[in-house]
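Dumping the structure here so I can ask a few things about it.
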Amino acid sequence: MCGIVGVSNFDRAAETAYLGLYALQHRGQEATGIAAVDGGRATLHKAHGLVMDGFDEESLSQLDGRVAIGHTRYSTAGGKGLENAQPIMVRYHQGDLVLVHNGNLTNAQTVREELVREGALFQSSVDSEVIVHLIARSRMSTPDEQIHDALSQLVGAFCVIISVGDTLYGARDPWGFRPLVLGRKGDGYVFASETCALDLIGAELLEEVSPGEIIKIENGRLTSLPRLAPAGEVAPCIFELVYFARPDSKVWGVSVDRARRAFGRQLARENPVQADCVFSVPDSSNSAALGYAEESGIPYELGLIRNHYVGRTFIHPTQAGRDFRVRIKYNAVREVIDGQRVVVVDDSLVRGTTSRGLIALIREAGAREVHFRVASPPVVSPCYYGIDMPTREELIGAQKSVEEIRAHLNVDSLGYLSRDGMTDAVREYGPFCDACFGGHYAAPLVDLERHLPVSSHC
Amino acid sequence: MCGIVGVSNFDRAAETAYLGLYALQHRGQEATGIAAVDGGRATLHKAHGLVMDGFDEESLSQLDGRVAIGHTRYSTAGGKGLENAQPIMVRYHQGDLVLVHNGNLTNAQTVREELVREGALFQSSVDSEVIVHLIARSRMSTPDEQIHDALSQLVGAFCVIISVGDTLYGARDPWGFRPLVLGRKGDGYVFASETCALDLIGAELLEEVSPGEIIKIENGRLTSLPRLAPAGEVAPCIFELVYFARPDSKVWGVSVDRARRAFGRQLARENPVQADCVFSVPDSSNSAALGYAEESGIPYELGLIRNHYVGRTFIHPTQAGRDFRVRIKYNAVREVIDGQRVVVVDDSLVRGTTSRGLIALIREAGAREVHFRVASPPVVSPCYYGIDMPTREELIGAQKSVEEIRAHLNVDSLGYLSRDGMTDAVREYGPFCDACFGGHYAAPLVDLERHLPVSSHC
Amino acid sequence: MCGIVGVSNFDRAAETAYLGLYALQHRGQEATGIAAVDGGRATLHKAHGLVMDGFDEESLSQLDGRVAIGHTRYSTAGGKGLENAQPIMVRYHQGDLVLVHNGNLTNAQTVREELVREGALFQSSVDSEVIVHLIARSRMSTPDEQIHDALSQLVGAFCVIISVGDTLYGARDPWGFRPLVLGRKGDGYVFASETCALDLIGAELLEEVSPGEIIKIENGRLTSLPRLAPAGEVAPCIFELVYFARPDSKVWGVSVDRARRAFGRQLARENPVQADCVFSVPDSSNSAALGYAEESGIPYELGLIRNHYVGRTFIHPTQAGRDFRVRIKYNAVREVIDGQRVVVVDDSLVRGTTSRGLIALIREAGAREVHFRVASPPVVSPCYYGIDMPTREELIGAQKSVEEIRAHLNVDSLGYLSRDGMTDAVREYGPFCDACFGGHYAAPLVDLERHLPVSSHC
Amino acid sequence: MCGIVGVSNFDRAAETAYLGLYALQHRGQEATGIAAVDGGRATLHKAHGLVMDGFDEESLSQLDGRVAIGHTRYSTAGGKGLENAQPIMVRYHQGDLVLVHNGNLTNAQTVREELVREGALFQSSVDSEVIVHLIARSRMSTPDEQIHDALSQLVGAFCVIISVGDTLYGARDPWGFRPLVLGRKGDGYVFASETCALDLIGAELLEEVSPGEIIKIENGRLTSLPRLAPAGEVAPCIFELVYFARPDSKVWGVSVDRARRAFGRQLARENPVQADCVFSVPDSSNSAALGYAEESGIPYELGLIRNHYVGRTFIHPTQAGRDFRVRIKYNAVREVIDGQRVVVVDDSLVRGTTSRGLIALIREAGAREVHFRVASPPVVSPCYYGIDMPTREELIGAQKSVEEIRAHLNVDSLGYLSRDGMTDAVREYGPFCDACFGGHYAAPLVDLERHLPVSSHC
C-alpha cells in the first residue's frame, strides 16, 4: 500500500505536498519522495524512511514550483534501493514527466515484456515504471491522449497522479480499487489518497475521483479527459474500511469510523457473549470495539495500552523472551482484566501471530475468560490489487478452521463478522472488492495466469 | 521528569535495563544512558534522543556485567550537552560509582556552593551531581553509611538508583514525591520508576519503595539500610496519576487507569451537562473521558484521531496556517461531531494553547456546542519537585478566572474537577502532594528562599 | 573526469572492484558506485562522497557475484543526485545491463533528442545514459552486435565498461582520448582507468585497450569484437600526463612520473634562471620540480608543506583572512625560503587563483625573488572530452598575456613549457590531444555546433 | 601525543582556536574539542574524529567569547568515550575552569590516589584530570597561586593551557619535554603546540614558552607567574624533530625541516653506499631523504607514491592479500626502481611492520638492491612523556640486533643514524630527551616504580 498526493496552483507547492504526506504516513513508512515542477522543469527528492526524517528545510527549499507530487511507500517488495521509491521522474519528448502510483497492476510483467522487447530500458523493479514507458511510447500526439492511451492498457489497481510540465493529472482505474479524492483550497487543487490529507492541508473535499475518471488541472482550471472504458464491475477495496484507512478519513463516501462502528455492532449481533467488559487492540480496532460495546451493552474498557515509542530494538531474543515483539508494543492493564470475562475486538486476523501474543498477555493479567471477536471475515486469499498480504500458506484463515484457530489462539470463544454482515453494514456505499475474504477477483490476474512474477510494489 | 531503572543479578544486565527504559520512554525523550558494572568496573553509554535511537547492538554489547542502571531524560534545563545526561559515573575511593536520579532537589545550589567552596569540581549543571560529591566526601567509612549520610543532607524530590562496585542501591526521599518500585525476576532484582517497566522485563512487583527507605542488593541478597529521618509529611505527587504515569502502571498503590476513571466519574458528577457524546483528547485522557461517559450516561465516542507519526516538521508557519502544531497531531472526525453537542475531556489544563487549537478544530468539524471538561483542578503554581511546568505567568489557571478561560478557549461551558473531588477519588491511596493545584509545598524551597537559581533537571 | 574499473572471474568480485576504486580515488571524489553480477542478475550500491565512506562491510557483502563494475565520479555537472552517479544499471531484453563511462560525448544531446523523440525515457541528466538506450534499441540481434552498433554512433571521448548478464566488455573510443588498461590476476581479468588500480589489486598489466577496440570477457575467456571504425586521428589526452593521472601509473605507454620529469627538464632548458633553490607545489608537481632541479643544477628543496587533513572548514571569511583556502592547505617553510631566490614549479596554470595565494605565502616567508615555472603551456581552451575545466572567461591563459599573468601573480619571472617542448618530451608515446593548450579538437563538437547544451559529467 | 591551542583577546575566539587545531591535526585525530569563555562563563563542544568533522557552523557559532582553548587528541588509551576527550571544563570556587594538556604525567596515579582518598571524584580516566583537582583543592587564595601550587606537584611531561574565568594561562613543565609557543596577532595572544598553528592563524611568533614558565594573559596584558622550581635538567623531546612535528614548524628553536635535513646528511656520512637513487617514505622522511641525497651525491627520486585518500577499508584480509595495509597507502613507481640499486630513507623504525611491507613492494617493482637507511637510532625504550609507542616487546630495535633486523626486512644493507650523530646534528638547540633511543629518563617514573598503571593519554 502507498499514499499519494498531488497539488497544483500553490505557492511552494512542495510544502503543501509534504503536509499531505504527513497525514498519509500510515499508508507507507519505508520511503518517501516529492517532486516539484517549476516552469516545466521538475526537481525531485527521495529518501528512505518517514516523511519527517526524509525531508528537512534544505531539501524542501530546493523543490521550487507551484505543482508538486508526493509519495510514501509501504512495501519492501522489489528491493529497498531508492530507485524503487517514487515519484518516478523522467524526461520524455513532451518534457519532464513525474508519476506516483498507488495500487498494483495485474498485467505489469506482461506489458513490461513487450516494452523491453521494443528496446525500453527499465531502471527499477516496480510495476509503476511501465506506465511512464507506455506514455512515452504512445503514438498519440498530445500528453492528454498519451496518458489516456497508456492507462487504457493497464489492468489492475491504479490511482495515479501525473505531471507533464506544469499540468497535473489524477486518475483512477475503471474498477476503482483504491481511493483518490480531489480537494480545493483557494485557487489550488489537491489530489490525495484520503481526506485526512485534505484536512491537514486545510482543503475542502470536492469529490472522490470516480472509477475510470481522468482529471486534468492546468493554469488553475479543472477539466476532465474522456473516461477510461468501464470495467465489467466497480470494486472499491473494503479492506480500506476494515483496516487500512485512517478513521478520520472518508473513504467510498463513508466515514471510516462510522463503517467500523457498524462492523462492530453487526459483529456483536452475530457473535453475542456473556462478558464483563469489551476492549480493543489499540488503535486500529477502537471504533469496532466501541460498536461491539454499544450493541451488546457490555461496558467498554481500556484493557490494552499501546507504547507509541516502538521502533527498532536491539535485544537478543533469548533475553527478550516469548512474545517479545507483542510485549514491547502492548501492555495489559491488570486492574481492568483480572478475574474478568473479557471480549477482545480486533479489526482483522491475518497471520494470527500478534493476536496469539496479545491473548497470552491478557491471560497473564488474570482474565477469567477471553472471547476474541474479529470485525471482518477470515482472510483466505491474497490481494493482487495493492494490499500487502502474506501468501496463502501464512494466512491462518486459509489454513485452519475457525475451531482450530480458536484453539491456536487459546481463547474461550472466537467469532468473526460474516461476509454478508460486513457487506450489509456498508451496503449503501458499495459494491466492494472483497477478494481477500474469499470474494472473486474483479480484474483479470493477467501475469499470474501466465505464471509471471506478480508485482507487489505498493 | 525522568525515568530510571536499575537491575542486579541479570545476565547481560544492560539489556534488561534497556527494556526497562523502553517502557519508561514516556518519562523523557531528550537523552538516555545506561551504565553496566562488571567486576566492580563500570562502563557507560549515553546518547541524545530516544532509547531506540541511542543504542544499537554494538553499544549494548559493550556494556558487560550483571548490574546495570539506566536513565531517560526529559528536560532541556541545564543545557543539552551529554555531560548533563545520566547516569553519572565517577571513580571515588570505594570504586566506581554510578547514579541516576528522578526528581528535583530544592537545596541543590545551597549544597553545591558549600561543596565548591571545599574544592569540589562540578562537570555538569544538573542538581544530581551534588549527590555523588556528598557521597565521596562523607566522613563515614562504608559506602552504606556514606550513601545514607549524603541522602540525609538532601531536601526535595529524589528517587535515586546507585551502584558502588557491584552493589546496587535504590532510595526514595522522605516525602516520597516521586515513584520507585522494586520487582523480582528469578534471582534478579529490578528498581524502576513505574510498574510498566517490570511488566516488559517480565518481573513481578515486590513493593513500592517507601518514603525514606534505602534498599541494598548485593550478591542476590536484599537488605535495607537504616531509613532516612522522616519528613514532617508524606507527599506523593498526584500529578503522576493525573497525567504523567502510563495508564497500565500502578502508582501509589493504585492503577493509574482506575484513578483516572474515578477522576472522570467525579468530574461528571461535579460538572454535568446535556450533550450528545463525550470524547477524549487521545491518549492521555482516554480513561478520564470513559469515566465521564460512564457516570453521565452520555455515549463515549472517538471524536479526535491522533497521528502517531508526529515529529519534526519543516514548514514555514505562513504555509502551515494557524493551529498548525495541533492540526498535525490531531484531526477531528466530522461524522462524529457535526451538528452535535459534544463534551471534550482533557486530563489537565496548563497553558491552554493546545486545547484552544483543538477546540477550533472541533468547531470547524461542525460541533453545535462544545463543553470542555478537565479531569483535574486548575494548575496555579509551579512544581519544584520534578514536574516540568511553565512559569506562573504562563499558567493559564494562575492568570485567568474560569470564565475568562472559558471565553479564551471559545467553549460553551468549562468545568474543572475540584481539589477535594480529585483527592477524594483516590483518598485511600493518599495523602498526596498537590502543590501545583494550589496546595502547599511539603519540602522547604531552600534555594528559592535564598534567591538561588532553582534546579529543574528532571 | 572519472575513474572506472571492471573485473571478471573473481570470487567476491565487488571487493576487487572496490580496491580498484580505492586506487582511482584521485579521479573523482563526488560519488561512487559498484554493481556486481551473479548468475546474470545485477545488484548495485551507490553513494555520495569517497569510496571509503560510501561502502561498508554490509553494503559490500550484498554485492554478490564474480563480475563487478565500479565508478568514482568527479564532476558536479548534471546535478548532484545519486541518479546521476554511476554505474547505470538497467534491465533490457538481453538481461541486466550495467555500464560505467569515463569521458564526455560531444554528440550526446543530439543523440538524446532523437532517442526521446522515439519514446525513450531518460532518468538522469548524464550523457552516459544515451549509450544504454542505443544498446537497448539496436536492431542487431546479439549483445555483441548491439554494443558495437551503439558505440559506433557516439562521437567524443568514451572509455566504457559494460556487463550484459555475466559477460564483461571494455571499450575505448576511436580517438583514444581517455585511458583504459587491461590486467590479469590468476584466472581473473581487470579493466581499469590506470595501472595503479592493477597494482593495488595485484594484477599484472596485459595491455592498454587500443583506440576503437572492444574487448569481451566471458567464462574466463578473452576475445575481441570487431573494432570501431577508425577516427581520422588518434588523440590521447596529454593532460593526463601533465596533471590528472597518478605518478605511479603508466599512461599512454609511459610512466607518468617519467613524463613529468621530462617536462620539468625541458621547462628548465626553455626557462633558465639564476636561483638558490627549486621547489614544487606538493604533490602534483613533485616530479616536474625534480626534473627542473636536475636539469638546472639548482638544489631541490621542500619549500611548501601540504596539510593532508584539509576538508570542509567553517570559518567566516573575515576571520579567516585573504588567501585562506590556500593557507589552510599549504604552508611555506620560512627556513628554506627566507632571503632566497626561489623557483616554484607547478604542473599547470588554470585559473591562477591558488598560484597567486601560494606566491603571497612564499613572499611572506621572505623570498628575495620568486620565479614561477609551469610544466605545461598556457591553458587557453576548454576541454570537451572529459577534463573538468572552467569556461574560457575563467582561464587566465586565455584572458591575459604572459607578462600580464606574471604581474598578476606578482612574480619576478614566469615561464611556461612550450607546446613543442611538451610534445617533444613524450614524442615517442604520441600523438596526443592538446586541445586545451590551443591544439585542435580531434573529434567533432557536434552538440556545440548545434548550440545544444554540452555534456560534462565526467 | 596531542595538539593544544589557546587564544585570548580575539573576536569569536573559538574560530581562531579552530584554525589552530586545523594546523595541529597531525598531532591527534581521535577526538577534538574547543571551549570558549564569555564573561567568565565557559561553553564546550567535543566530538570524535577530525577537527573538520567535529565542528560545523552551528557548533562553532555557539562558542561565544574572546577566549578559547582547543585540543586534538591522539591516543586511544583511557577509553574512547568523549568524557576522556579534552578540554576539561569544570566549575570551581573561582569560576569556570578549562584545561588542555599535552604530555604524560609520570605521577598521575600517585596523585590521584591521594585525591580520591580525600573525596575527589574523577569522571574520566585521563591523567590530566588530576591537574584540575589539584587547582581546586589548593589552599592558596588566588587562581595564580592555585595554578602554581598545582603544577608544582606534577612530575613528567605537561604543556597546559588553562582558563579561569576570562584569564588565560600557558605553562610548560620544568623539564620542557613538550613544545609550546606563544604568538601575537594584533592585540590577541595565541598559545600553540607548534608554530605552524601560528602561521595559519596569521600570528607572529613571540617566544617558545620556556621550561617551568607560566605565562598569564588578562585583559590583553601579558605577565609571568613565578617559575616552577627547576628540574635537574632540561630535556625537550628529540622525537618531535625526528618524526612528530610538522616540517614547516620551528621546534626547540630549529626548523624541523632543517633538523631532518641535517639528520639525513649525517646518516649519509655514517652509512654510505653505492647506489643509483635515493627516495623517501613520503611524506614524513622527505627532508631526511633529501639530506641523504645531498650529502651522498646520489640522485633523489620519487620512488614511492602515497595515496592521500586512505581511511577505513572493508575488505576481507584473504581478498586483500599480504601487506595490504601498506599497499593501500603506498605504491612503488616501477620506472624509478626497476633494475636499480635504491636507498630508501625512513625517519624512524618502531615496529618494522610497515617498512617490511614497503620493501616487499619495492622488490616487486624490480629493485636490484635495497639499502634501508633510518634517520634516527634504534627505538629501544618506551616513552613515558607523551609519545605513543608500543611496549618494549613490540619495539623491533629492542628485540633484535641490527643484522637480524636487516634480515627481517629483507634488505641488502641497513643503516641507522647514531645517537651521537643525531645529537650532534642539532647540538646547538639541545640538550634533548632521547630516552626512547636508550637515553635516560630525565623525570622520575613515579607511578611505574610504584607498579601503578602508567598514564598514556596523550
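Some notes on this structure:
The first chain written gets the first letter, and so on, giving A, B, C and D; residue counts start at 1 in each chain.
The definition used in the following text is that a contact is a pair of C-beta atoms (placed from the backbone, for glycine too) under 8 Å apart; a residue touches a chain by one contact, two chains touch by 3 or more.
A quick note: this is a predicted structure, and the numbers were derived from the prediction, not measured.
With centres computed as the average of Cα coordinates, no chain lies farther from chain D than A. If you average the CA atoms of chain B and of chain C, the two centres end up 61 Å from each other. The distance from the centre of chain C to the centre of chain D, each centre being the mean of the chain's C-alpha atoms, comes to 37 Å. For chain D, residues touching at least two other chains: there are none.
All chain pairs in contact, by the document's touch criterion: A-B, A-C, B-D, C-D. Across the complex, chain B is touched by residues 11-12, 15-16, 18-19, 22-23, 25-26, 29, 50-53, 55-57, 60, 196, 199-200, 202, 246-248, 250, 255, 257-258, 282-283, 286-287, 290, 294, 299-302, 305-316, 319-321, 327-328, 331-336 of chain A. By the touch rule above, chain B contacts chain D in their complex via residues 44, 81-83, 88-93, 97, 116-117, 119-123, 125, 132-133, 136-138.
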